[in-house]
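Two complexes come next, and they have one chain in common, chain A, joined by chain B in the first and chain C in the second.
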Partner chain A sequence: MEIRVCIGSSCHLRGSYDIINLMKSGIEKNNLEDKVNLAAAFCLGKCGDGVSIKIDEQVISGVTAENFNEVFDTYVLSAV
Partner chain B sequence: MNDLFADVGYVSLNHVGEELCGDMVEVVRKDNELIVVLADGLGSGVKANILSTLTSKIISTMIAENMSVDDCVATIAAALPVCKKRGVAYSTFTIMRFIENTEAEIIQFDNPAVILLRKGKNYEYPMNERVIEGKKILESRISLEQDDVFIAMSDGAIYAGVGQVLNYGWQRENIIAFVEANYDYRQTAKIIASSITDECNHLYDMKPGDDTTAVAVQIRKRKPCNLLFGPPKDQNDDNKMLALFFSKQGKHIVCGGTTSKITAKYLGKEIVTRVDYSDPTIPPAASIEGVDLVTEGVITMARVLDYAKNYLQDNSLFEKWEKQNDGASEIARLLFKEATDINLFVGRAQNLAHQKSDLNISFSIKSKIVEELTQCLEDMGKNVIVNYF
Partner chain C sequence: MSNEQNVNNKKSNKTVATTLRKFDTKVQYLKYKVLREVARHTYDDTLTQSFNDIAKTIVKDKATMRCCIYKERAIVSQRIEMASGGHKEKDNIVEVLDIACDECPIGGYEVTQACRGCLAHRCEDVCKRGAITFDENQKAHIDKSKCVECGMCAKVCPYNAISNTQRPCVKACKVKAISMDENNAAVVDESKCINCGACVYQCPWGALSDKSYIIEVVNLLKNYAGDTKTRLYAVVAPSISGQFSYADITLGQVVTGIKQLGFHSVVEAALGADMVAYNEAKELAEKGFLTSSCCPAFVDFVEKNFPELKDNISHNLSPMAEISKYIKENDPGAKVVFIGPCTAKKAEIRKDNIKPYVDSALTFEELQALFDAKGIELTELGESELNNASYYGRIFARCGGLAEAVQEALKEQGNEDFELHAVSCDGIEECRTALLKASKGIGNVNFIEGMACVGGCIGGAGCLTHGPKNKLEVDKYGKLAMEKTITDSIKNL
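== the complex of A and B ==
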């Protein structure tokens, strides 16, 4: 699985740094290092409602530190 | 014209408790000449400030108009107000004039003698003594070589630490040993000057007993650098802008997410991103084969502008951008330290999502950054050309 977190200007201002760190620790906690490749993305074109992440071909917008666990469970844990 | 460039930088420390500095530096660039005048007015505070301002301004203007040193000295003698307490009108001066980056003319009156580093080592140059209006003036003409560094100081530098940590102050020989030990041809004139004044400030225990100034001029090889910031207003101009950008000599920096995408597409290469932050407030830089540096746009550039403004003042953030590996620090190193000639390619496309969102990153912010950064780079003495698309 390929996860890309947008680090474009507007997602950065909405907290990409925190999302990347949450993603790193989520992957580590669930021992998904072999299954998931985490990278950054330059602008996923959803600047109005960041932070955007792209999981394989699906773009998920509006990710925040608050809803992170939910997003991680739905899109990452249940899919790997 | 050769491919050399005279980079100039200076830093002054004020006498403890004074708001104004009694040392003054004037820099004039005219045609193929660089004229730098350092004047140190008698005393400190307002009086010294007026004396040194008049002296540096009069001399730099007259020298730039090709008038003789004799005329300059006669003019200041007649123009300077006489100090009531001391009964004299007095300001020392050092004139450094660089002609077409091939020859330097150094004229000195009562300041510590200019230090010349050639290949990083102290180089003794000949001086002719002449008396003008009762003043002993030292004159020199020196053929320039690449990486020559000229350092002029006010006497606050050589008196640093007197009676505090040193018996005789930080003498000229000590300063020579210091600059030789710290010599690195990749440093800029500003960094050399600030390393000297920082050391003086330490020796004075942060309470300078005299106005202290160091001015450095470094003869460098010209280095062009090109920076692309934002996609063009009309998408049909993508290829035109990129073709022109990549046709330029020197390093290439690409700033902005969308800008990086069109660049990657143009070059037929992938954008390789990183998730490691060197500075949590700056999005991590990326890379594209064929581009020297790829960064996010407006946040990174706003930080570069902060660093540029600080560099022109006391350069206190230098330690930060010198070492960090975030995009803004890397751009700062390339533009401030390395480049002498900078081409900015600015695209005027508006990111609709940015305009609509509640975040404060509209196009007007971007053009303001470009405008202010251009001014800062010019104040650093660089040749800047801005191209809009």
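== the complex of A and C ==
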């Protein structure tokens, strides 16, 4: 699975680095290092609604530290 | 004059003022008009058949710059050639437009009319070469066969009657790459030229010019704007902060404008500068002596004039190249265009080790031409965000910023006991002095920040405006960065 977190300006200002950190620890906690490849992206085209992440071909926007666990469960844990 | 006419007059005056305020000089304005027309015709696929039309659009039916419209149009054709990429067989970015070269006088030190034939004759007294003689009116003359152009006579004359006539291009070129050919036209020695563009900005006739890749960029935009596989990235230099403020245009509006041109994303070169500062601090602590590698003209200068110091140039890529490399690693289909103040960057992107990362480069002048070719009116646009880098990455744009950033990175890396003795060289002459000392082992400097342009990148030849306020703008822009430290800025990359 390929996960890309947008670090473009809008998402950066909305806290994309926090999301990357949460993502890293989520992957670690669930021992998914072999299955998930985490990388950065510059702009996923949803600037008004960041932080955006892209999981394989699907873009999920509006990710925040608050809803992160829900997003992680729905799109990562259930899919790997 | 009626009131209505008055109002109209005021209006037209205002338009002229706004157009001119974009640039420091009319030479820049002329160059811009050619670039704009070339870009416009490239968009319309009509460039090849429009050479004559462009010359006629710019030089209408009356000569305003030279002896006649035919000479003016001939010069415009040379400008079109430079706007279209210049001579492909020449690697040098800066070229001479021989028709535009006004073959300025090169007299050197000369006695002017202001000489009053005084009694003191300080000029004679100070001249070690005995080059000064006097005529029957006691007025001084300089024997050019003896004169060595030391300038002492001019210094001591109480009437400032001795002037030094030098060509502006020769005076601007601190690496002494410009000389005259047999017809007295300027010639650039490519083995010495570092493409800093100082002559381009200083020549009052616009007879030296940097070649432009604007056609390349227009073609990239035509082919890939909106493409979801091949995405276009604009990497902008932090010196952009003060560049478009002529009509209260904000940086956010400029970013929107760049996106409207068809770029998928706009990224700060300053994020690359954060990466460079971090790695350079480590490299410095390890090696003990280093010069910066950010400024391509400085790197070129070291390689050409101080080959023995070549290994001391930081092995980091420049901020432009670092961030572009990062973009391409994360998006293999990406195409990157650098937008900055620099003419030397145009040479850097053609180097074998940089070529894979950066596809093309524009100056701010060329960006302005591109906006106007597309009819993008910046003042009417909404603002987009631009925030990828830290304060320290952004202040790379002005002299002293790099050394400050390296100091900060050393601190953040817990290397505080490493004593940084940095010298920030403001312009190529200061670079030469620092390098000369370093090559002879004089002084205890362990880091040389080399900036070929006076003031740093904000003094670059491709800037729309040059002035002291640009430094303030860069610092102000730096303080707006969300990330306060270099580590914060790059730790998640």
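Please note the rule applied: the second predicted complex is superposed on the first by the 80 of 80 C-alpha atoms of A that agree within 3 Å, B and C clash if a C-alpha of one lies under 4 Å from a C-alpha of the other, contacts with A are read in each partner's own complex, and residues count from 1 in each chain.
Assume contacts are C-beta pairs under 8 Å (C-beta built on N, C-alpha and C of every residue); 3 or more make two chains touch, one makes a residue touch a chain.
Everything quoted here is computed from the prediction, not taken from an experiment.
Taken together through their common chain A, the two structures put chain B and chain C in a clash.
Applying the stated contact rule after C-alpha superposition, one finds that A:13 touches each of chain B and chain C. After overlaying the two complexes on the shared chain, residue contacts for A:41 are found with chain B and with chain C alike. Of the two partner chains, neither chain B nor chain C is touched by A:25. When the shared chain is aligned, no partner comes close enough to touch A:74: not chain B, not chain C. Counting residues of chain A touched by each partner, chain B versus chain C, the larger count belongs to B.
Among 81-89, 135-143, 207-215 or 369-377, the region of chain B with C-alpha atoms clashing against chain C is 369-377. On chain A, the surface patch touched by chain B in one complex and by chain C in the other comprises residues 4, 7-10, 12-13, 17, 20, 39-43, 47. Interface residues of chain A, counted against chain C in their complex, comprise 4, 7-10, 12-13, 17, 20-21, 39-43, 47.
Residues of chain C that touch chain A in their complex: 233, 255, 264-268, 326-327, 330-331, 384-388, 482, 488, 491-493.
Across the interface of their complex, chain B is touched by residues 4-5, 7-10, 12-14, 16-17, 20, 24, 38-43, 45-48 of chain A.
Interface of chain B with chain A (complex): residues 256-258, 260-261, 271, 273-275, 277, 280, 283-284, 286, 296-299, 351, 353-354, 356-357, 359, 361.
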